[in-house]
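These are the structures, in structure tokens.
What follows is a pair of complexes built around chain A, which joins chain B in one and chain C in the other.
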Partner chain A sequence: MTVQIKVTSIGGFWETFRHSGIGVVGLIMVVIAMGLAVFAPWIAPYNPKTPVRVSIEDIYARPSSEHWLGTDDAGKDVLSNFIFGARVSLTVGFFASFISIVIGGMIGIVAGFYGGKIENLLMRLTDIMLVIPDLPLAVVLVALTKPSLLNIIFVIGILGWTGTARLVRSQTLSVKERKFVLRARAIGAGNLYIIRRHILPLVLPLMVANTVLVISLAILNESTLSFLGLSDPTTLSWGQMLNFAFTRGGMSAGAWWALVTPGFGIVWVVLGCTLLGHGLEQILNPRLEAHHLSVGAEMVARPTGPDGGWAREGEST
Partner chain B sequence: MPAAFADAPLLLDVRHLSVDYVSRGQPAAHAVDDVSFVLREGEILGLVGESGCGKTTLMLSLMRLLPSAGRIVAGRVDLLGRDLLSLSEKEIADVRWKEMAMIFQGAMNALNPVRTIGDQISEVIVRHNIAGNKAVLDGRISELLELVGIPANRKDQYPHQYSGGMRQRAMIAMALACAPLIVIADEPTTALDVMIQAQILELLLTLRQKLGLAVILVTHDLGVVAEICDSVLVMYGGVTAEYASVNTIYNNPQHPYTQQLLDAFPDLSNPSDRLTSIPGYPPRLDALPPGCRFAPRCSVAFERCHHEQPPLYQLSQFHLASCHRVESE
Partner chain C sequence: MRGHRYLLNKIGWAFFTIVFVILLNFFLFRVLPGDPARAGLRDPRLTVEAIEAIRARFGLDKPVINCFETLNPLRLGSCRVNPLQTQFFIYVGNLLRGELGISYHTNRPVAHMLVERLWNTVLLVGAGQVLSIFIGITLGIIAAWKARTTIDYTALVGSLMAWSLPTFWLGIILLFIGSRQLGLPIAGKVTPGGNFANMWEEWLDIGRHLILPTLTFTIVFVGEYMLIMRSTVLDVLSEDYILTAKAKGLSTFQILKDHALRNSMLPMVTIIALNLGFTVAGAIQIETVFSWPGLGQSIFEAVGRRDYPMLQGAFLLIAVSVILANLIADLLYSYLDPRVRAS
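And then the complex of A and B:
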């Protein structure tokens, strides 16, 4: 007799995720945005970097067959700018949130695991970071350093870790009291080993779900900074497009396309990330966990017989 | 000491061990007070007592795994002549599991839910560098699982795919991974049904026979003690109430607590008997009575019991009890 062995895996996770409607919608939205960013040179009708000779009619030109979404203040194609802008927004979003998650995760785990004075120190630091308004501080930091892409990523990254740190700490607090941590100690395992092999695997899913939410925050922050004029002048992001349209007469020219398009991009990505994040969180955050029977209809016994009666598995009639 | 073990080599010698729990602004709670016992090769020692009487604290202090508030304030724990309490943190980490392993109370919680059973057994072996390479490691894990009656092909499964009894057996496999001299089993059969319980106990007996294992069995269940233990240590409120061979405890208990504990156990040969219980509650460890700790609940206590703590009286070569009545007899 062979024993059928089912191992929970990525497949099982996907199976659960599939049933979360908003998660799937969010995933599709994020994938579309990423596709735009990755394949920008092939999708975009024009290259924003190639200089164009502009006449007065080309500035804030209405959408036409030549320029589907019109042109901006420099006579450039808005659609192309929009597609290339996705690159900057997503790059900043991913890298800044990566920095946030690493810092927040480390501080959360260390504070939760070691407790005592270390925890007190780290959590008070977190509280201080939490009460300082992000935006003014980010403006100051970006203005002090040079507003380059790298600096912006860095500033957004080191300002966005507080929520993650608190979340991870609370999860660590509960995990470290579990019996298997005592068991690992009884084996002779050290602190680092316990953190790496016993705490992290249980905290990581939460961090992953949190990452996606942090990405949307980072993108929003980047757009805000760019809109305020604190952006890398050599790159073109959605926030910068908004800034140009706003400060260079796009409003008075009635060029709604120059404002709505980048705005739509920001909303699209932020909404996508938020939906995906919530979808993941529903599966991965133990506090939001539903009972396993409510996950899939196939887990609950139901009439399967030809006449709607109850039939046993393997009993073909 | 049962004759069979009197001359077996001495493994563990615990002398006058006292453990306090300290917390700021409150008097220290004396969780374990002056407990001594020995463990010889192949011996199964039963440790019985009510909840909160210090059983688990005593076991954790043997491995120096007390929670941060716990302090070992006095005593010695000699394992093969080496004092465990004087070892450095690094040295004790090497002793843990290699020489003294532990089966934890509640196997469900003692297994990490997101890692496979095989992986978790392997971490023990890897930690103590027993297997040289991957193939030897895999072989050892399969061998351990087979030893406790789990098909080796289930080693890649997660704890939630195991039944309660299997998890407990997996914990036993884990405890045996480094071929320890002593296994501390902290209520290994609580929360299991009687059939599984019988299987687990059977397994412990077989393993003792096969591997010469010494076991400290912490339990509430006097039936289990009668079935497999050689000697019994009855604890009450952190102190030794009575310490004797299993026969002496069952046939000639001297401490009133032991007697009442046995009375509180259902008697199969006379099922119509009413079950008796001991009135009152175990003492609070931070507010112990001045005399004998059992005196407030003892039906035969007299004046002296209430203000003088009885020492451990030696009744015969292997029978100790802490009761003033024993002395006067």
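And then the complex of A and C:
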């Protein structure tokens, strides 16, 4: 199935996007999380960095008016830690996925555009990377280097590009055969010029939709590595909070507030990104949603729903 | 003849990938800092004899590989050494004999420890996979059949949520609920010190320990299988032969069972194989949370104990298992769909 991009202007894009329910919900969820991260010092009731004097009652204290979500193993406010934790998770998500998208995009475009031996080589490399399980490799890489935020970003970034590379390659392959590319070549345009002016603008929208999905994967990976104890103990991320609560007696203390809260943040951001990504994908890559069994007893050779893919394709060509 | 070439090609690539993993495994652990045996050598309190003894014990006194005394490109060594006396070929030779080194922590051979644990992981992953594939396929067909209805959207949102759950967090929550409300065991594979009258009782005990990890596994993977099955079935249901089947007067159930399910199963085989890498990631997290004595937990423990031979061995075993499982899936796929071999 060829991918058709119908939306060309930003305004038109927004107009279509507004009507995709899940996309808007996802966008709102992501914006809330980003707001939390940016304005953390103003929102959070306590600053996690300030030292506190704790007595035995302050450790895993139940939620109260003073600490809305109770306290953790060090007697710190869980809600404040949670709000500040958004910063680390989102930072890792954005930077790691940026690395992945750049590597994946470059490999995909080069492989799709040049073809032949180069394509073969790059796609074989992608296949190998796809087969080697990510998490164990990430664990090995982070364990062998110093567990710092920068290393985690880097490791997640260089392991997460395979999906993007495949997607971009297939899109490049279909764009490459379009008439305007052939015409540009005929009037003597160079490879780099064609990639920059004709291929990239048509591949970029799909890459943007893909980025959002890669961000959610990166955030999941970061939290997993932190939970496994592979993050810098001084950076406060949601995975780190879960690691502390789980390994330092939160379970036997029955401290559900310390165990549930950070995970809720991860689910919120990952779900938000996933919904947003799917919303964007639906616009950029509309799929057939009506089929022969969904029209009841009727015999319809070409099912056309209100939003059916075929109907829209018919209009645009 | 063509079929043979396809098989050889696939087997060749699996072999090449395994070689790549072995190279990666060997050089990563030598290039990157962190191995205590190497880091310890820089301790100024050690005498020259002690350093030499440590180097000899871990084989570090030999050149890494021909022309490279160490992996420092500025300090090249002699190229005229017997390749069999280099660290790399000693490592490969040991691998071929099934030796993965001695654990720093237990001082036992890594290979023995890993084999014990491999079967526990296979048990856990097998139970979880069978359940999640079965439920995922069923839900996926129903969601595609009822596309764009409330049932479909509920299943869709549900599986997206399941996908967004960090596996370890779901495990923690299920463990919390299961152990406190339902009285299920909180950790391990069998009750410690349990005295079992017969095999049956022992398996019953293992089964009780398996409930929560398997449930976690199933919830995490069911969503993904459902989403993929749904989109594959949607494609199949738009094919003309479905219209033909409908025109012949077949019931919806017959069409779904004989046409949609059969034709959608082919892509599923590939997806399930490709998914094995994620499966391993899930196993690491679930085994860590539930202290299930499998490969995943041994990776977690090895990291905490800085037990690098164990980490290296576990990574190699996991990577090679996933590559072989992928190969089997490829071969199975070509058997199920002969068109693949011909193209």
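As a working rule, the second predicted complex is superposed on the first by the 277 of 317 C-alpha atoms of A that agree within 3 Å, B and C clash if a C-alpha of one lies under 4 Å from a C-alpha of the other, contacts with A are read in each partner's own complex, and residues count from 1 in each chain.
Here is the rule we use: a residue touches a chain if its C-beta (ideal position, glycine included) is under 8 Å from a C-beta of that chain, and two chains touch if they have at least 3 such contacts.
Keep in mind the model is a prediction, meaning the values are calculated, not measured.
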**Prompt:** Is A:266 in contact with chain B, with chain C, with both, or with neither (first, second, both, neither)?
**Reply:** second
**Message:** Once chain A of both complexes is superposed, is A:178 in touch with chain B (first), chain C (second), both, or neither?
**Reply:** first
**Message:** Contacts for A:136 in the overlay, against chain B (first) and chain C (second): which applies, first, second, both or neither?
**Reply:** second
**Asked** Regarding the shared-chain residue A:224, is it in contact with chain B (first), chain C (second), both, or neither?
**Response** second
**Prompt:** Which partner, chain B or chain C, touches the larger number of chain A residues?
**Reply:** C
**Asked** In the superposed arrangement, does A:106 touch chain B (first), chain C (second), both or neither?
**Response** neither
**Message:** Output check: A:198 vs chain B and chain C. Expected answer is one of first, second, both, neither. What do you get?
**Reply:** first
**Prompt:** Can A:24 be said to touch chain B (first), chain C (second), both, or neither?
**Reply:** neither
**Request:** Could you look at A:208 and tell me whether it touches chain B, chain C, both or neither (first, second, both, neither)?
**Result:** neither
**Request:** Would you sort A:34 into first (chain B), second (chain C), both or neither based on which partner it touches?
**Result:** neither
**Complete:** Residue set of chain B touching chain A in the complex reads 63, 65, 93-98, 101-102, 104-106, 109-115, 120, 123-124, 127-128, 151, 153-154, 156-158, 161
**Item:** For the chain A and chain C complex, residues of the former touching the latter
**Value:** 124, 127-128, 130-137, 139-141, 143-146, 216, 220, 223-224, 227-230, 239, 242, 246, 251, 254, 256, 259-260, 262-263, 266-267, 270-271, 274-275, 278, 287-294, 299, 301, 303, 305
**Prompt:** Mind pulling up the chain A residues that touch chain B in the complex?
**Reply:** 3, 5-8, 178-180, 182-190, 193, 197-198, 201-202
**Item:** Residue ranges of chain C in contact with chain A within the complex
**Value:** 13, 16-17, 20-21, 24, 28-29, 32-35, 144-148, 160-161, 163-169, 172-173, 175-176, 180, 186, 231, 234-235, 237-238, 242-243, 246-247, 252, 255-256, 274, 276-278, 280-281, 284-285, 288-289, 299-300, 303-304, 311-312, 314-315, 318-319, 322-323, 326
